[in-house]
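The following blocks contain the structures, represented as structure tokens.
Each of the next two complexes has chain A plus one more chain, namely chain B in the first and chain C in the second.
Up next, the complex of A and B:
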């Protein structure tokens, strides 16, 4: 029983971070129908920023969120303006975004590998190895802090989408792009801002990754595959789906790790993906996809 | 008969003559290419032991086989797969295991390796092809990771450290020649398959469903079956190419076959040459192999190579998404020797 509770808690702690990582990805799809295969590589890019800030300047990884988020926000707007307005009218748009972000991911991965080499990195703030022990349950401090940050940011994102003018415009664009344009939403501006927000969320995720998960450039494929799997589970473009998908799959993966060892835990995500495709191809909370 | 009718008839006759002349010159051109490809190994004794040209030719033929095969599902059917190198790995491992455990030469077992890849493709298609668009792409990536994870942890195939294969029983001078011909078989086979698919009712069905699946279904096309068969067919020659490649390396390792960059190359080659055309993937493969060789010579084997791959992909998507063959055709300037459709 204690073991069950312990595994459950570890799974939920990780799930919160996965939810933060996936939120940017699902937002991009929701607003712009962009399947961002480069999401993982941008998280890793931000993780390098946080790592070097901590290594060279002694900035705490959690503090580094204060600059990784705005930097990635602006980078996101630049990338959006450079690549996406051009393909907006193309016939196979969703597919184009996949190929386009695939190309971006390869370029960024190559540059990261060239400048920072392929060795494993991880920053080691004091709390990364601390833990709280309550009875027989132990809670790693670093993951607890990461979960707190994730919850704060996700709630912030929700409040932003719910209660601000821009947030309302973003939701309107998500629901119906053309109709939003008719009622006076500057859809292209909203798209650029959403891309920025998605990337800012990747930035925050990167700061957390820099001390939670050892990383190197080519690692991003595993991350993006995992995040996409849980997004397909939750339903493309649904924030609620992403959060629920992240939590449930992280818990399932924690139990798989407990039973079969850590090598097999990524398998949980992919098998869940296949099962959901067999049973309900549009995902738990997704609408049937029109392409 | 009026003079107008007469001249129309004459024009038609002239057109037919021109057409037959074109097909004759095309046949001659094709004959020359085939003769050149088949006779290239005759230069081997002139070069002596290590033949750089032969090695590059083997690599180029391998990529021709892979991108032409990918084009069947990714081009004609419009279902982009980013996990197609699974078949490459399955081909390589099936032939490698047959050699290590039963002593069967991969030049024989490559066809069974292709068949194994095809069967696996049909089974994987049952699951992944339930999804469309982005979900399908995600599913193919997941398929790649599942298989890669299995091979990383499976003792029979040597886990992540892989398998060493016995050396091929040929003299050093001629060692590349059988590999070359095996790749010729894969490359020509894949291109011919792609040609046959493009010119069949089946291929027409695939193109129809790539435009609009519901309408294709209404028109009486069994879209699920068509997609599955396309997925399976596209696996065969990738499997045979994998079998040959693994043997030529002398060892098998999951990282060689299951890197997503390999899938990226196939996709890039087919797109740069022109998706859903017969000639496109061949041209794309030759071009990209050339560029890769050049960038390795220039920059060395660094991470910058994938920057080049990704950069070219982006440039093609932004500036000529139809690819070389597609763009030329749209401009009405496709030279006859590239028009294989």
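Up next, the complex of A and C:
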């Protein structure tokens, strides 16, 4: 029983961080139908920013969120404006976004490898090795803090979407782009802002990654595959789905690790991906895709 | 001067052929218009050009004497041109009230929004009963009312409606056409596109007949269907379809 609880808690701690990482990806798809294969590489890019800030300037990884988020927000707006309006009218728009972001991912990976080499990196703030012990349950401090940050940011995102004017326009665009346009939403501006927000979420995720998960440039493929799997489970474009997909798959992976060893853990995600595609291709909370 | 002038407009989609071929029409303020014509005449394309979703390849659209073709849909909406498309245009995961509020997205004056909301509920009492329900869960007729109510929240000068009766039972369609007449009485200039020419013309003052992307003729809605040229256009397109098939 204790072991069950312990594994569940470790799974949920990880799941919260996965949810934050996936939220940006699902937001981009929801608003703009962009399948962003470069999401993982941007998380890693932000992780490098946080790592060097910590290594060279002694900035705490959690504090680094204060600059990784705005920097990535503006980078996102620049990337959107440079690349995406051109393909907007393409008849094969969704496929084009896959190719485009695949290309962006390769280029950024190459640049990261050139400038920062392929060495594994990880920050080591004091709390990364701390833990709390309650009875027989062990809670790693670093993951607890990361979960707290993720929850705060996700709740913040939800409040923003629910209660602000721009957030309302973002939701309207997600639900029906044409309808948003005809009630006077400037959908291109909303798309640029959404891309920025998605990238800002990748920025915060990168700050957390810098001390939670050792990284090097090519690691992003593994991450984006994992994030796509849990988004497919939750339903592409659904934020609620991303959170539930992240929590359930992280818990499932924690139990697989406990039973069969960590080598089998990544398989949980792909197995879930195959099953969900066969049983319910639109995911738990997704609508059947209309193009 | 006409309120809205479509001047020698040519337009089409992507790299496809021209759907509109040098179309010229004038829309008079305060009058309600129905655009009729066989399938492929360019009726929906015309509305998309006017509201800014589709840019003309040549020619221009003028609103109140000023060139507006090339503006974005949100800019045209701010100018007073509102479009209700044929395809489903609800925010299905928002409540009825939220949908209506979206119609006033560009209006920041809250008392004005409340005033317009009251006018919508006055016109569609059933929407006030359903205001907290998700729009996606309403019946087809009620959904169409939400869309028209949302257009009323915009309080446009020109309201363009594409095929409002599509897929509705005759009784519901009657109700929708009555609503459209109501809009005209509020002083809104209506442009209606309707496949069912007879029903559409019944709801408006003025009929404009399109064929092959150009205007064939126009006149008072009453009696336009008796014009012998109508027979020729509709029958002509039927015949050419048969010979193609």
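Everything below uses one rule, namely that the second predicted complex is superposed on the first by the 291 of 291 C-alpha atoms of A that agree within 3 Å, B and C clash if a C-alpha of one lies under 4 Å from a C-alpha of the other, contacts with A are read in each partner's own complex, and residues count from 1 in each chain.
By our rule, a contact is a pair of C-beta atoms (placed from the backbone, for glycine too) under 8 Å apart; a residue touches a chain by one contact, two chains touch by 3 or more.
Keep in mind that this is a model prediction, so the values were computed, not measured.
Participant: Does chain B (first) or chain C (second) touch A:89, or do both, or does neither?
Facilitator: The answer is second: A:89 touches chain C but not chain B.
Participant: Scan A:168 for contacts with chain B and chain C and give back first, second, both or neither.
Facilitator: A:168 contacts chain C only, not chain B.
Participant: Could you tell me if A:183 is touching chain B, chain C, both of them or neither one (first, second, both, neither)?
Facilitator: Only chain C; A:183 stays clear of chain B.
Participant: In the three-chain superposition, say which chain, chain B or chain C, touches more residues of chain A.
Facilitator: Counting contacted residues of chain A, the larger count belongs to B.
Participant: Quick one: classify A:102 as touching chain B (first), chain C (second), both or neither.
Facilitator: A:102: touches chain B, not chain C.
Participant: A:151 in the overlay: touching chain B, chain C, both, or neither? Say first, second, both or neither.
Facilitator: Touch status of A:151: no partner.
Participant: For A:159, using the defined touch cut-off, is the partner it touches chain B, chain C, both, or neither? Pick first, second, both or neither.
Facilitator: neither
Participant: Could you tell me if A:222 is touching chain B, chain C, both of them or neither one (first, second, both, neither)?
Facilitator: Only chain B is touched by A:222; chain C is not.
Participant: Going by the contact definition given at the top, which residues of chain A touch chain B in one complex and chain C in the other?
Facilitator: After superposing on chain A, no chain A residue contacts both chain B and chain C.
Participant: Applying the document's contact rule, which stretches of chain A touch chain B when the two form their complex?
Facilitator: Per the stated touch rule, the residues are 29, 35, 83, 86-87, 90, 92, 94-96, 98-100, 102-114, 118, 217, 221-222, 224-225, 228-229, 231-232, 236, 263-264, 266-267, 269-271, 273-274, 277-278, 281, 283, 289, 291.
Participant: Can you tell me which positions in chain B touch chain A when the two form their complex?
Facilitator: 78, 80, 82, 127-128, 130-135, 137-139, 141-143, 145-146, 149, 152-153, 260-261, 264, 267, 271, 302-311, 313-314, 317-318, 321
Participant: So in the complex, the part of chain A that touches chain C is made up of which residues?
Facilitator: Where chain A meets chain C, its residues are 89, 91, 168-169, 171-172, 175-176, 178-188.
Participant: Could you pull out which chain C residues touch chain A in their complex?
Facilitator: Going by the criterion above, the answer is residues 14, 51, 53, 72-74, 77-78, 82-85, 87-94, 102-103, 105-106, 150, 154.
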